[in-house]
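Each chain carries a letter (A, B, C, D and E) given by its place in the written order, and its residues are counted from 1.
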């Protein structure tokens, strides 16, 4: 069907996945409220069932939207790009919910609100991903952020959690002001907040240049740079990641970053592509710094969780290479990398919390000694995740990095490509240091509580997914390449960068159809 | 007259903002911020945003700032904590950053006249036709309906979050 | 005074307020005051939006409306977080929150 | 051409010793205690090979081919235009060498049965010895340089294994190692010569190279000079010439039959063989020839002087060998190839004899001491004396050997040595001629000293040892007798016209087809230098000088005998260190010490420096330094993450200002 | 037989069996893993040996080749095949593997399942590198090997195993990452020229690249390979890794892993960038470094107190020879280099095994702790002597044939270098003989050594094949040379002709006769049945 936003009701259809997830959150809250008092245990199986079902529903809705629905550009985009983004986010959320089941029980978190907030954050992310209007971008960003601030500070027993929440919140609110200022200036420069219209105006006027526009673009970029934790706007990240309950850390490292990146790609790499003169240089620098700095700092980390936090900052740097490429291919590469990143990062944080034990206490490198022998399955899973994070074949992380390299080289950004691999080399040291602790050293026998079914299932999914993306990335590549080029724009505006070098996606897609 | 009011409100806003920052007593800070918000509200009126001006007073100055005050009282932070306001190098740095920021923006706004900015207010006809409230309400519940709904969810999150976080420590 | 001139002045005013907010964030140690400075920054942006709204149409004011809602939501959550951390640290001094570092 | 010479059982000549080596090698593990099998397999395979060689000799004599008979076996390595086959070459020279090797070798094998009978490594010993014969035969029979090189290094290997045969003695295994490494230095030259040959000729087959050399190579050109000099470097190593002779005296650490076979009769003469074999090339390079002859003469003199003051009987013989090898190089250096080969052959006889005799002495002393429980060096002549009565066969045969090496008519050495001296004279090399004469007299001197100290005077072997000293068994003295006979008659194959003796020209005519091309080339090259004279540098004909030299030798022998026989030596343990110039000679002109100071120690220091400084400090230091810098940078970065939100926001703002500033300014 | 060895599947089978074996090792019991691994490698050996005879001599084409789509969007294919060069490397791998596994039976006493599984995964990786005809596939195999090796050194290694494992890992990875960039650039160039994205070797080799860029790309590839070789001064990871690795690790490291660097030069760096590969600065640098490696490593080896470290340095010297021969770019030089790789694998592998055997008995590798072992361990002494002689290139052993060909080849091109390299022969004797002497000869002074047992049956059976190969290749090297000659000549011709700009566009005639690995655009291969297994 085709959506016509002249009728507001069509927005209901366009936002079906977000709606389903939001309703799921409501349902969780209600069930939680009514089950309290009767059920002494926190939540109960219904909460997780509802959460999972609503996320699955959203997956179905996204697929339906992506394949069966077309729409005019409106407040919300209905395109392959959003579909891909949604699927990555929903996948991450599903896994995060499953991990939360395990983790929440162990830590005694009040799980009903936890699920609800997680679902609402997911809804916010999806809004962000699909937003074709800067207002919606802002609101989606805030919905996501506020929910995640709360999740970060969720463990009220742990001062680290509160500290992380507050730091995250303060810097986040600060950055929100920048995003907002950027939106204001863009609005001032173009007279609209609708991205399609903005793009139209920008395309028409870019020849003369507009300082106001440029200011808006850069302020917006600063805001996004904060959200994706690009250097030098990343400094909150290690603290927030370390302090947050570990299953939340995984989720925020994955979901928030993915959503922000997809939005960044949509806004900058597509809609603001005509203004690339203003931002491409800045993105280049951000990418460079974000690859170099956290990789170096991660070298001296002793706390695995914090090390992974720095690592996830570094990954933002790699992903920025895809943005800097500014091509459809770059977008596809970023999407692919995000997918792999979601699986490996979630999995890695999950293993960390499994090792850390109740209260997230054992997280130093020394606590990982001999893990590979004491808990072979856990060790193997972590090995796979670390390999993937390091970008080793045959994992998704490798194919993703290769994808990004291609994107960079296609866009004539060899300097970024070289920096990417050299910083990867640095990262080998700290990733493989964990491997060596796990396998080369003997650790004191310490009881690691056997993780539950949900944990085992999701870790298996992450491991399998990472390997699958590495061994048979074909379908995913195809999907993401299509998604990368299928971004709703106001008509007749070719994405200029898409023509350079990248595989002639359209032609090939036509040729290699199902 | 408009010009005078404009400059008056501007001056009030800036001065009270500076006082807010430099006042080490939190309660006083809150009050200075309320003054700033009132001044801004006045500016909004001058800039043809009557409805927003009202909301500004009611929500911001009335609700949000009261919330702040309430928390300050709750935590018994009525008197200044020692060293709440950074001194020395930090102040210098903060001041430089602020000045630099102003310089950058001033250059953006002043040096190059943006051709997109029309000379006259574009709102006059609309406000005359619909009145201050309807002019805002109409698009809010049509074009921006989705955003409005998202905002509602956002507030729900805030409520749930505030409850989760501010609840007494679990046993 | 023509509208363009007024607009420029309003924009500069907004920038100045924003900058004061930034300066305040950097110069204060009290979490609540820092947060208030952030609120000031948001308000500064609102002023810009209202100014632009006068030039471009009503959309700008609608954004301001949303911003105020968001600010309210943020205030609720932010203050709740401050309360939560106060329970652990018995202070709202940002310098004290250094359990997480390096 | 009517050459229809077909080598008889060529594979078997090589195969038999190899088979012996393998069988004995297996025996060394499988039946360690059995002496019968090695005693049979070892000597018999070699003697059988000798027999086949004799058959071949007869067959070839019937045909007298002018071209070598080639026996291709299989392709060894072929790549691009390089095509090396495992191919044997039978001509007069290689056959002669085969006979010397298998003949003398066979005799020494037999001798070894007696000499080594009590050794626990009996089977292993014969395996090595057979293997040596195999490689030596490859060396002399190969039709191309690489295959020759196989034999060349193969004999070196066997030499190494046999020198260090009693590996539990550190000095012995050191000596083996020294021999191998010093030889390798020479082999380096051989290799480079082969590379030069290949890039010049596109082949390494000797017949082809010798055929094409006169056309391809400019006579007296740099290329041929380089080729021949590098080849000669190989010879210097293998044949123990200056400056690489130092390994040979140490090589006496091996069992004495080994010294006889490898380090006197056969292997060390391989260099002479190589120069003779490559005569065509050397003939094209007069500079190289001069170098060869000069090095030979210098070595002959140096070694002879050292031999004068040695007390170890085998050391005397070793330096004597070096000296005699120098003679041979003088011969092949001046282009008198036949003379060189002649001396090679006779030297094989009498030097093998002398060594085996020395071995018998040592064996006897050793056995005697084993009976009395005395300790000391059985090799030291100061511990001998008066053995003439106790070991008559040994004493007699060794005297024959001494007369032969001293060049007393009509013993073998007289004819071969005299020819060399004469050839040097008539070809105008006055200095070489004079040196050769002097060395001949020195030879007579030190050999007489050896005989006197060992066999005459009183016995100094210690209390009671005398009664235990007795002649060796038949299996040991029979070989001595055979070699003694050969040392007498060996020279009669070539008796110059000038002497008042029946003229015999067996050797020259036999080798003539082999050396003819070289001599033709030499004649061509020498054309501009004028004809050779027929008088010695001081005038006088061949007969006169021959008579003079043999007379002088006899006089020297008598003088030394008289001088030393009266002298009383003290046993080694009580003897004082030599002093003065004697000490210099006793310490071999301090050459080993010089090498140690100037070469070995600086090199070791350099190598250690490479390891400790270049590898550990510079390379690893750089790498570790980079890692350290990275960690330092990381640590610095992490210090910014102080946990202070204000810092975070400040950095945020600085970043933002830079970004915005880039736009505004 | 015919059906298998004429088919495309044999190579895939060789790759797959070790993986299956690895799974079986992990699944089976701790005690059974060694036998599982041994049987697996023996099976692979048995399957691979007939390739030596079924290989068609005289053609440079890739035999038993397969090319299946893998990641079609990017033109990444599961393309494998072998020519004469790969054949020898494959056989070297399949021969060394069972030997090193059997050599670990008594050395590895803990975590056996993991060890043998790692070994088998490593085997797949190594075989994969030698057969891969797609750069992506190649890179995947190239990197995959690193991890099991990292684990093998790190888990079962000696005292400083962690430092060594990390050093090994980072050194090797440092090079390969830049290679990855170069591969992508190459693909990009190819795509610009043809409009088709392809990682397939046969496609990429036809890409014409500006000389300046070639130099950069060659440098990126070359660095990866030079570290692996290892070329001076990138060699310092090697002694550490060798010393600390368990015997099997050292054997594989020296025997096979180092060959990958040279193989990479041969298969990829040189044909892909012929102008760079034949340019004076490149040849000059590489040959000079190779030469320095020959001499310098020999020097350093000569003063090592640790037997394993000494042998490790000899590897550097040997591989220096190989590089010098390779860049002689003539028949003898390249053939010699390839043969020398095989030789080095055999002799150095055997040396490590031997040192490992006495290490198991005495738990020391210091040369000074031994001496006089010939008395108590005669077979060991025999084997060590033979292997040492092979290592220093005594004529009649395999080492000589390789070195001789290399030096002859090198002499044609740069005489002075060849002459200097020849001095390495002298130094080889200067480091190897003293070691042999101090281990098996000299008086038996240490009491602990008096009770040592000679090699047992298992250890002898491990060594016999190597000893036999040492003599076999030394005396009858021609069958080996025959198999590689066409490929070598093809390679040389390819590099030499394509470096001339006028002929830059002319593609190499790789396997034109049969199973043409045609550009993906016009695929000449009959598409094999789709369920035949895509990817390893």
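Please note the rule applied: contacts are C-beta pairs under 8 Å (C-beta built on N, C-alpha and C of every residue); 3 or more make two chains touch, one makes a residue touch a chain.
Because the structure is a prediction, the values reported are computed rather than measured.
Peer 1: Can you list every chain in contact with both chain B and chain C?
Peer 2: A, D
Peer 1: Spelling it out: a chain qualifies if it touches chain A and also touches chain B; which chains qualify?
Peer 2: For chain A paired with chain B, the chains in contact with each are C, D, in label order.
Peer 1: Which chain has its C-alpha centre closest to the mean of all protein C-alpha atoms shown?
Peer 2: Chain nearest the centroid of all protein C-alpha atoms: E.
Peer 1: Quick one: point me to the chain whose Cα centre is farthest from that of chain B.
Peer 2: D
Peer 1: When the C-alpha atoms of chain A and chain C are each averaged to a single point, how far apart are the two points in Å?
Peer 2: 26
Peer 1: Just curious, how far off is chain E from chain B if you go by their C-alpha centres, in Å?
Peer 2: One centre to the other, that is 70 Å.
Peer 1: Need the CA-centroid distance for the pair chain C / chain D, whole Å please.
Peer 2: Taking the average C-alpha coordinate of chain C and of chain D, the gap between them is 97 Å.
Peer 1: Return the distance between the CA-based centres of chain A and chain E, expressed in whole Å.
Peer 2: Chain A and chain E have C-alpha centres separated by 42 Å.
Peer 1: Residues of chain D that touch two or more other chains: which are they?
Peer 2: As it turns out, chain D has residues touching two or more other chains at 638, 641, 643, 645-646, 649-650, 653-654, 660, 663-664.
Peer 1: Give the residues of chain B touching no fewer than two other chains, as numbers and ranges.
Peer 2: 86, 90, 93-94, 97, 101, 105, 107-109, 117, 144, 147, 151, 154, 157-158, 161, 163-165, 169
Peer 1: Residues of chain C touching 2+ other chains?
Peer 2: Residues 11, 18, 21-22, 25-26, 29, 34-35, 51, 55-57, 59, 62, 66, 70, 73-74, 77, 80-82, 84, 87, 94, 97, 99-102 of chain C touch two or more partner chains.
Peer 1: Going by the touch rule stated at the top, which chains touch which?
Peer 2: Applying the touch criterion to every chain pair yields A-B, A-C, A-D, A-E, B-C, B-D, C-D, D-E.
Peer 1: Quick check on the complex: what are the chain A residues that touch chain D?
Peer 2: Counting only chain A, the residues touching chain D are 167, 170-171, 174-175, 178, 211, 214-215, 218-219, 221-222, 225-226, 231-233, 235-236, 238-239, 278, 281-282, 293, 296-301, 426, 429.
Peer 1: Could you list, by residue number, the parts of chain C that touch chain B in their complex?
Peer 2: 1-4, 6-13, 15-24, 26-30, 32-33, 35-37, 39-40, 43, 46-47, 50-51, 53-59, 61-62, 64-66, 68-77, 79-84, 86-87, 91-93
Peer 1: Where on chain D does chain B make contact in their complex?
Peer 2: Listed in rising order, the residues of chain D that touch chain B are 646, 650, 653-654, 657, 660-661, 663-665.
Peer 1: Given the complex with chain A, which residues does chain D contribute to the contact?
Peer 2: It is residues 627, 630-631, 633-635, 637-638, 640-641, 643, 645, 647-649, 651-652, 654-656, 659-660, 662-664 of chain D that touch chain A.
Peer 1: Spell out the residues on chain A that touch chain E in their complex, using ranges where they run on.
Peer 2: Residues 373, 387, 392-394, 398, 402, 405-406, 409-410, 414, 417-418, 421-422, 424-425, 428-429, 432-433, 435-436, 439-441, 471-474, 477-478, 481, 501, 503-504, 508, 512.
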